[in-house]
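Next up: the structures, one after another.
Next come two complexes, and both contain chain A; in the first it sits with chain B, in the second with chain C.
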Partner chain A sequence: MNKSEQQSRREFIRNVSLVTGTSVVASSLPWMNALANENPDQTLSPSDKIRLGIIGFGSRGNLLLLHMKNIPSIEIVAVCDNYPPHFDRAKEMTNNKTKAFVDYRKLLEIKDIDAVVIATPLNEHAHITINALQAGKHVFCEKSMARIPEDCLAMVNTHRETGKILQIGHQRMFNPKYIKAMEFIRAGQLGNITQMRAFWHRNNDWRRPVPSPELEKKINWRLYKEFSCGLMTELASHQIQVANWALGEFPDKVMGAGSINYWKDGREVHDNVNLVYTYPCGTQLIYDSCTSNKHYGLEEQIMGPKGTMELEAGKMFSETPPPAPGILHLLNNIEQKVFDTIPLGGASWVPDSPSKNKGEYILNEDLEDDGTQLEMEAFAYSVKNNEIDPEHIRQTYYASIAALLGFMAIEEEKVITVPEELKIV
Partner chain B sequence: MKDTIITAKQKKRELIFLLISFVIAFALNVYSIIYYNSQWKELITTLHITILFSIIIYFLLVIIRLIIRGIAYLFKKIR
Partner chain C sequence: MKESLYHNHFAGMGTRFDLVLPDMDTVNGDEVFRQIKAETDRLEKKLSRFLPDSELTYINQHAAKNPVKVDQEWITILEACNNYYVSTYSCFDVTLQQNFEKDHYKLSGADNIVIDKNDATVRFANPGIKIDLSGFGKGYALDRVNDILRLHDVKNALVSFGESSILALGKHPHGNHWNVGVQHLFRPGENVFVFNLENNNMSTSGMLARNGKLRYRKTALINPVNGQPVEKIRTISVKSAKAIDAEVLSTALYVSPHNRKKKILSNFPESEAIEAVYINDEKVSIFVLK
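What follows is the complex of A and B.
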């Protein structure tokens, strides 16, 4: 990284510190102060750097590498992918300076690798993570945790047994906008949360081009049940994590329905899902996702008697917004009396039209980072200082479990309760 | 061609009408603050609305005055 890149990175972190406020930084982003005060002229010694390997070099692995290149305390020493085009790209993007492997076990054999980043298809997360933790490596693994709940639990247990860091790629947990929103929620700005809705709507087939038919499942693994739970593990898990975080609880029941009603192209996973999660306090999360209409995009809506938050938009809407200035109020009333329709009969009720309140931004600045850069900074900091945040693993574990149980509820067409044996403290 | 002359007296009269319009708008602002129980600082923070409103009142007065003058002119012609 050159000096100007270092400077802009430091400015970025400082800006985050400034816009989020010190209380948030202290409680949620403890590494940020240390990073913001880093001396850009100081050259890190090899012992200050963490040596890292990347396993899985698809689109996400690629993106994570770009973020990691901005972090001076990370040195990429090895890459691994068993798909030749990705393997070549991994070597190319690291300027052929790293060791490259087709088998991840060879990478884990390298003694002086401190940590690995796992960005493989979902069904491979569990065994690679467990092997890496057992090999004494800290692990950053992309979400969701695993294809089946038992594997998620095994990952957590191995993390706890080995004492090695296990961080799961839920970048919203590191997004300052979300952290600030959670601070407002904890301060009671919405009142008790009574209703949550989340959705993720796209209008595309989610397919990637396949050079030859035998590679279909390797490339389009998201579409096949053997490898993925489709919308639930790839999209919903992010938003369920946000809902859990906002409520401060984890769901104990889920019911749902889904189908393939548009992309009838041989895929096995649903192209639309609709679920209701119930939390111990009685609050529900209503979730839906589809791939045949993008009009509503994605959003997480958190509602309470005092207000609403739309977290993707980064906005908060009070139920009792400050009144308009008196003069405008007066002019509006005059206008309404003069121009409004005069009812001569009919219904005596007023329709519950949506509020026209435009809301306020949770953060006034757009930081142009969805949290991915900061989550990688956090991982580097945690590895360097051997600091484990137990709450992180609980949050990410239950997000994965909820996504997987949601998929099971759709498949089995029944209400699923979280089994006692899957609960962790 | 005859020059159009705006006399000092006319200017003074128009300024008085503008002032009256502003006083009406300001008074309405005071009334609305009391009626809707809003904040007194709105006398300052909504000054731009008051000024805009006073201009609207001024033009309404202009229209009313033109109508009155037109009617008066018609009466004068009939006699």
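What follows is the complex of A and C.
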């Protein structure tokens, strides 16, 4: 990492602290203090560095590498992919300085690798994660956790048995905008949450180009049930996690319907899904995703008697109008011990219609990171200090379980209740 | 020691309500606020013609066909409306009659509301009318707020209902009274006139402007003589001991023909009124009507 990259990373860290405030940094991003106090000129000795391997070098693996390159304490020492173009890219992106493997088991045999990042197709997450944890490696694994609920549970159990870190790639948990929003929600700014809606709408076939037909399932694994649950595991799990986090509960029931009503191109997973999740407190999350219209885009809407949050937009809307400006003027004068005229006396104020209520930004400034840089910073910090917030695994586990059970509810056309054997504490 | 200063606000009666209590701590302030909010909520459910399940909606739907049983408070309110109709020479009129041909409402004469005190009923003598208490409700509510504040022995308070209806009790903590300004329509924060208020009320009627631009509303004030919405850019502000007097008078004087204003005010010897006439977006002439 050169000087100017170091400079921009330090600026980024300082901005996060400034924009989110010290309370957020202390409670939700504790490693930020440590990062902020790092000496930029200090050269880390090899023993201070985390030696890391990347397994899976598709688009997500590549993106994670770019983020990790900004982190001085991470040294990429090995890469692995069993698809030749990705294998070549992995070597190229690491300047041919790393060991490169086709079989992840060979990578796990390297004794001095501390941690691995797993960004493979969904159906491969579980066994690679479990093997890595058992080999004594800390693991960062992309979301969702696994293709079936039992595998998610096995991953959590192995993480707990081995005492090795298991972090799942739900980057919104590290996005300052979301963290700040949760702080406002906990402070009661929306009142008790009574309704949640989330959706992710796109208008494309969700396909990657396939060089030759026998590679279709390897490239477009998201479209086939053997590898993925499609929209549920690849998109919905992010937003279900946000809803769970906002409410502070995990859903115990789901009903849903879905179909392939537009992209009839041989895919097996739904091109549209529509679900209702019910939480123990009685609140519902209404979720839908489609791939044939993008007008409404992507959003999580959290509602309570006092207000609404739109988390993707980073906005908050109060049900109560702001106090009159003249009254604010008066309050200010009284505090300053000034006796002055109160500017009131117009015709009756009328509220804006809901469509004109522009709301307030949750953060005053937009940080360009969607949480991915910070989640990798957090992973590096967790590995170095061998500690992770136990809530992280519960949040990410239940997000995966909810996505998978949602898929089952659509497939089986019935209401699915979370079975006792899948519950964790 | 930090002086106590209580402030809270809520949305109600189609606008916003602000309460400022200079000598009040949060615990006691919250209790006063809660009672005030409960009372205004109750009144909105009773008096609003926009809520589908309000008492007024029921009256408006049924009183033309049959006498509608009402409570004592309704008798008091409707009698007051009829009295104001007389004392403002028909300029304060709570009845609306829809003119379907011209697609707007005209006023039909409050004497079409027939009150039977013995039976505690109300009926409409003219089948086409509806009651609209828009120019009455906030003033009536502010008088009830005043009752609640006095019950709690509050000596000093400033209460704003939509910034158009103000109740000022006692005095500003750093003055001998409250100075409440009539804001310039096109220059927010600037005052065209200042009322000294101490245990009295101020109400303004007129055009609503926001960010220096006029906002027109469907329920704009209607000239009772020609049935047309009042169009000239001006406001009327009235200071009175009772909030309901200020509210009714500001509405009545706003729609009144000029030659009737003095006559109306002679029936309210303790009230003061000013009219702000906008020559253009900057220049304003102030006329003291009394």
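Criterion: the second predicted complex is superposed on the first by the 392 of 425 C-alpha atoms of A that agree within 3 Å, B and C clash if a C-alpha of one lies under 4 Å from a C-alpha of the other, contacts with A are read in each partner's own complex, and residues count from 1 in each chain.
Following the convention adopted for this analysis, a contact is a pair of C-beta atoms (placed from the backbone, for glycine too) under 8 Å apart; a residue touches a chain by one contact, two chains touch by 3 or more.
These numbers were taken from a predicted model, which means no experiment stands behind them.
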{"item": "Per-residue touch tally on chain A - higher for chain B or for chain C", "value": "C"}
{"item": "First (chain B), second (chain C), both or neither touched by A:L330", "value": "both"}
{"item": "Shared contact residues on chain A - chain B and chain C", "value": "323, 325-327, 329-331"}
{"item": "In the complex with chain A, residue positions of chain C that touch it", "value": "3, 5, 7, 9-11, 14-16, 18, 20, 22, 138, 158, 160-166, 172-175, 178-183, 185, 188-191, 194-195, 202, 204-209, 215, 217, 235, 237"}
{"item": "Contact footprint of chain B on chain A as seen in their complex", "value": "323, 325-331"}
{"item": "Footprint of chain C on chain A - complex, ascending", "value": "319-321, 323-327, 329-331, 333-335, 337-351"}
{"item": "Chain B residues touching chain A - in the complex, by the definition given at the top", "value": "28-29, 31-33, 35-36, 38, 42, 45-46, 49-50, 53"}
